[in-house]
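Should a chain be cited, it is by its letter among A, B, C and D, assigned in written order, with residues numbered from 1 in that chain.
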Amino acid sequence: MTLPMGRPMREIFGETVAELATDDPRIVMLDGDVGSSTRGDIFEQAHPDRYLQMGIAEQNMLGVAAGLATMGLIPFISTFVSFAVVRPLDQIRVLIAQTGLNVKITPGYAGLFTGMTGMSHIIVDDVSIMRAMPGMVTVSPADDVEAAQVLRWAAAYQGPVYVRLVRDATQRLFDESYRFEFGRAVTIREGRDVTLVSTGAQTPRTVDAAELLAAEGIDAHVVHVPTIKPLDVAAIVAAADRTGRVITVEEHTVIGGLGGAVAETLGEHRPTRIDRIGLQDLYIQSGPNDALLDIYGLSAARVSDRVRELLAASR
Amino acid sequence: MTLPMGRPMREIFGETVAELATDDPRIVMLDGDVGSSTRGDIFEQAHPDRYLQMGIAEQNMLGVAAGLATMGLIPFISTFVSFAVVRPLDQIRVLIAQTGLNVKITPGYAGLFTGMTGMSHIIVDDVSIMRAMPGMVTVSPADDVEAAQVLRWAAAYQGPVYVRLVRDATQRLFDESYRFEFGRAVTIREGRDVTLVSTGAQTPRTVDAAELLAAEGIDAHVVHVPTIKPLDVAAIVAAADRTGRVITVEEHTVIGGLGGAVAETLGEHRPTRIDRIGLQDLYIQSGPNDALLDIYGLSAARVSDRVRELLAASR
Amino acid sequence: MSGASAGTTTHADAGEVARLEEVARRIRVHVVRVVNHARGGHLGGPLSAADLLAALYFHAMRVRPEDPDWPDRDRFVLSKGHSSIGLYAAMALRGYFPEEELLTFDAAHSRLQGHPDMTRLPGLDMSTGSLGMGISAAMGIALGGRLTGHDIRAFVMLGDGECQEGEVWEAAMAAAKYRLDNLVAIIDHNRLQQFGWHGDGPDGRLPPQVPGELAGKWRAFGWRVLEVDGHDMAAILGVLDEAAHGDGRPTAVIADTVKGKGVSFMEGHYFWHTRLIKPEEFAQAMADLGEPAPAAEEAAR
Amino acid sequence: MSGASAGTTTHADAGEVARLEEVARRIRVHVVRVVNHARGGHLGGPLSAADLLAALYFHAMRVRPEDPDWPDRDRFVLSKGHSSIGLYAAMALRGYFPEEELLTFDAAHSRLQGHPDMTRLPGLDMSTGSLGMGISAAMGIALGGRLTGHDIRAFVMLGDGECQEGEVWEAAMAAAKYRLDNLVAIIDHNRLQQFGWHGDGPDGRLPPQVPGELAGKWRAFGWRVLEVDGHDMAAILGVLDEAAHGDGRPTAVIADTVKGKGVSFMEGHYFWHTRLIKPEEFAQAMADLGEPAPAAEEAAR
C-alpha cells in the first residue's frame, strides 16, 4: 500500500496565506521575485496591495519584514529555502531572531524537489542552521493537509517561525480530521522492532518503507516530528523505549538536523542506539524527483533496504 | 593550578599568516575593514601588495576569494566570525564549499570574547552551521600554540577550511612540543569517573575544571577536539568507554555543535549518557570577558559545579 | 560644503541652534566619558554623528520620551550600530532614561548594550550592529507606516563605510520603487571607516575619495539627495526640515562630518574608531569639549 | 539603441558577423530543443543572451577548447546561472564537448547541471545559480590575474534583475577601487526578471523602468559603461573590441535585449522565463528559428 499523492505544498502556501489575509488585515506577503514559483502569485491575485514585491534582494527583504513587523504587520516570506534561509541569514539572526519580531519565514523548495536545479538550489542543511539559531522555531510539515494547518498556526503564533515547504506534489499522509499541534510529535504506526523517526515530506515515504518492512516481518514504530524545534522530548524518549532501537529518516543532511536533535535528546535522556538515514554530507545534483530519491537513498524502497541492513548489522 | 595565559590568537593569526606568505607567494589576505581588530594589519605591514582590502562587503569578499583561488592563489579571510560565516554563508556554500576551492576562512572573534559588543557580534552557532555544510572542514584550536600550527596546516591543506580564532588572550594549554594533527582528538588528562570532551578556548577552562573536580575526588578524563569536522570517531568512542559517562563542554550553543557531533557519534557507535554544557539556546549580552564566562556557566568554577551536579543527579 | 541649499527652508531660530549645539556638546561629553568608563566602545563614529543626533531627537523627530511606544512617533534606526553610545546619550538627554544610566553602558545586564538591543531599551526602534541592515528595517517601517495608515517618518543613520554593504543598495533600490518619501537616510560622511584603504591624510589611511561619489550613487538609485555640513547646526535643521517634505522619492541627507569631531587629537584619525583612552588624553578631551578638568580617578579608569 | 558608438572600433567583417549570427541561431535552437527534451530549465534568459554568448565564445575570448585549463585563457562566469543551457550550447558549438551531450542537460549524473557546476565540466570557470555571486568571483579572477601576472580578461554576464542583488554593488564598488580594467561585465538588459513588479507590456508585468537607470548606476559606481543593441552582432563585436582596451576602469556592457528573443510567442513575456513547451509551441519555435519542422515524437516530449 503506497500513500496517495497530495497537492503541492506551494499551492497550499499561496491559497492558505491568501485566505488568512482575507480575515486578518495585518498579513502581508514579501516576494523575492519568485511568486510564480512559490505560488505567492495566488496571494497577489487576492490581495495585490499587500503583496510586496522586493525583487531579487533577499537580505533587504528579510530586513524589511522586520521593520514591517514593528508596525504590527505579519509578513510571510515567499522565496526558496536557499534564498530565505542561507542568503539572508545574518538579517534573520540580528533583525528577526534576536528581536523576536513576528516574521514568518515560509519558503518553498525544501528538500530535493526543486525542479531539476542542482546543488545551488537544493539546500541540505537548513534544519541544522535554523535549529541551532537561538529562538528560532522550526516546523517541517509532512503533507499538504499538515502544511495548511501549520501555516494557520504560524499566523496566530506570536514570534518568528521557520516553516519549510515543498515545491512539488508529495504523498498525502493525513486526512482532514488531523490536527497539527505545535511542539508535538505524532505516532503514525505502532510497532515493536525498531522506531523510525521522520519529518517533512520524508514521513510518508518512511511510512511506506514501514509497510515494506512489515511484509518482511519487521514491525516498525513510526513517529512523525513536524516541530523539529522545540522537539517533543517526551514523545521521542517514549518512542525509543518502545523498541530500544531508533533510526531517523530525513530528506536533509544527517548532520545536525532531525537526526542530530534526536541523538542529542536520547543521549541526554535515554541512551539508545540511533542511526541516521539521510543525505551523507554531500551536495545534490539535478535530476527528476524520483531519480534523486533513489540515488540518495530516500525512496521508500531504499529506506526499507537501509533499515533492514542496519538491523541486520546490529543483531 | 590554573593554566597560564597565552597570547591572543588574533596576533598569532596576523603573524603566522604573514610568515607563511613570506615563503609562499600564493598566499594573500582579504580584509573586511577590520584588519586593525583581527591583526590582519600585521600581514599588511609585511606584504602590502597581497593585503586585499575588500571594504565592508563580506559577500563580495568571499566571492572574490573563490575567484582568486581559481587563479592558484591561497586567500585567507580576515574578519569576525559573524561576518565571515553568517553574512556571506550563501557565497561560502556555492562558490567555496560546492567548488572545493582553496579558501581559508579564518576569522577572529569566536565565542564570547568580542570586546563587549553584545549579541550582534557574538556568534553562538558557527560550528553548527559550518559542520552541517557538506565538505566544510571545521577546526577550533585551544590556544595560541595550537592556533599557529592549525594555520600552518591550513595553508598546506588543499581545499576550504574553517578555523575559528579568539580575539583576546586565553589560557595556554600546550607547550611548544605539541603537534596538531588534523582530524585527531587529544587526550589531555586521564581519568576514570567522567569523560569531558571540549574544544577551542574552552578546553583550558575545562582542564582547570577537571583539576577543581579532582580536588573533590572526581577523576575526570579530558579530551580536546580541535578538529570538529571530520570528527575523530575512534577517539571519542574510546574516551566514552573509559568512563561510560560523557559531558561535552563548549563556548557555543549546545545545539548542533561539538555536543551534537559527539551525541550523533555515540548514538551510532556506542550509546552512552551524554550531557552538553554550553550556551542554552540564547543570545549573549555585552560585558567583560570574565563576567560573561561566569554568567553563561563557562568559567572553570561553573563548569566544575555543573559537572558535579550532573554526576550527582545521575547517580 | 555649506547648508545654503537648505538655508531657505529652515525655521530654526538662533536660540534653538544654540540650544541644540549645547545638546550636541553634551552628547560628545557623554560619549567620551562613558567609553572611558566602560573601557570599551566606539569614539570616532558617535562623535561625528553627535550634531545630527541632537538635531534628530530635539528637532526633527516627533517622539514622546514619556510614552516611548506611542504608535504615531517617528522612528529612528541607527544602522551604524557601533555608534550606540551617541544614540544612548541623545536619548538620555531627551528624557528617555536618566543620564546616570549611561555609565552602565557595555556592562553585563545593562539596557545599554554595546550595540543597540531593542528588546532591552524602550524607545529603541531597532536592534543593529551588523552593518547594512538598519536601512532595510527602516524601509520596512516606512512601508508599514503607509500600509497601516500611520503618518510617520522613518529616519535611519548610516556610516559612509557602511554604504559599501550591498544590502544598502538593495534597500535603496526597493525604497525608490515604493516611492517611500517618508524614509530619510542620513549618511554620516566622515570619510573614514574602521581600517579601510591606504590613501593620504595624517595616517596615510584616508582612502582616495571622488568628490560627489556618494551623492551620485544615491541619485543613480533614484533618491533625492540633500547635502549638508554635518557640524553646522543651522544647516542641519534646515536640511531636515526640507527632508520632511516628501517629493515622491526617499531622501538621502549626506552630511559631511569629521570623524572624532570635537576632540582635537581624535579628529580625522582612523584609529580612534575604537581605542582605549589614556588618562592625559581624557583630560585633553574634556578640555576640548569645554568641560572642567576631570578628577584623576575618572581620568585614570 | 545602436552600436554606432562602438562601430568605429569594430574590425569584424561581414563574413564574421554572418557566421556568428548563425552560431547564435544554433544556440537558440539548442536551448529550445534541450529544454523541451529535459522538461525543465529556463528559456527566456538563454534566448536573450544567445547573441552575446556567441560573440564571447567565438570572437572576444581567447580560449582553447581543446585545452580547457590553459592558464592564459580568458575566463567567463555566467552570473545569471539559470541561463546555463545557453552557455552549454555555446561551449558545445565551440568544441568543448559534443553537441549530442547537450541532451543530457538536467539529467542525473550529467556534466550539464541545471545550474553551472564547475566541478563536473572542464572549461566551466565558475559554479553559479544563486544570483549576484558570479561578478564577485569574476572580480577575484581579474584581480588574481593581475597578482599572478597573467594577462587575462574576466568576462561575467549578469541579468538586469540580478542587478537588484546587493552583492553586485559590493563587487562594483570593490572592482572600481582596484581599477580592474581586465574585468568586463555584460548585462543582459532584457527588462524582465522572473516575476517582478506590475507595469505595462503585454502581460501588465513589464516593470516601470527609467531610461538610462541601469547605466547610471554603473557609472556612479565608477565603471566605464558601453551600451549596445544586444541582438546586433556587428555592434556587439564592436563593443567587445572596445571593452578589450582598458582605460583603468572596469567595463559594464549594457546590452539591450528582448527576453525570449527569436521565438515569436516567447518574446517579451515574463512567463517564458521557465515553462513547459507544448508540442504545437515547439513546432512554432523551430519554424521561428529557421529549422525544419520537428518530428512529432520530439515535439511531444
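The working rule: a residue touches a chain if its C-beta (ideal position, glycine included) is under 8 Å from a C-beta of that chain, and two chains touch if they have at least 3 such contacts.
These figures come from a predicted structure and were not determined experimentally.
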Exercise for the section: Farthest from subunit A by Cα centre, which chain is it? Let me know. Expected result: C
Practice task
Mind checking the centre-to-centre distance between subunit A and subunit B? Centres are C-alpha means, answer in whole Å.
Solution key: 30
Fill in the blank from the handout: So, in whole Å, the Cα centroid of subunit A is separated from that of subunit D by 35
Handout entry: Distance between chain centroids, defined by C-alpha means - subunit C, subunit D (Å)
Key = 43
Handout entry: Residue numbers of subunit A (touch at least two other chains)
Key = 53, 55, 57, 59-60, 82-83, 87, 90, 93-94, 98, 119-120
Handout entry: Of all residues in subunit C, the ones touching two or more other chains
Key = 117, 127-130, 132, 164-167, 170, 173-174, 177, 197
Problem - Chain-level touch network, classified as line, ring, star, complete or other - result: complete
Exercise for the section: State the interface residues of subunit A toward subunit B in the complex, per the touch definition above. Expected result: 82-83, 86-87, 89-90, 93-94, 98, 119-120, 124-125, 128-129, 131-135, 246, 253-257, 259-264, 266-268, 271-276, 279, 281-283
Problem - Of subunit D, residues touching subunit B in the complex - result: 75, 77, 117-119, 125-130, 132-133, 135-145, 147-148, 150, 154, 166-167, 170-171, 173-174, 177
Practice task
Quick one: which bits of subunit D touch subunit C in the complex? Just the residue numbers, please.
Solution key: 132, 164-170, 173-174, 177, 197, 210, 213, 216-217, 219-222
Problem - Of all residues in subunit B, those that touch subunit C in their complex - result: 31, 33-37, 40-41, 48, 53, 55-57, 59-60, 82-83, 87, 115-121, 285-288, 291-292, 295
Fill in the blank from the handout: As the complex stands, subunit B meets subunit D at residues 28, 49-50, 52-55, 57, 59-73, 90-91, 93-95, 98-100
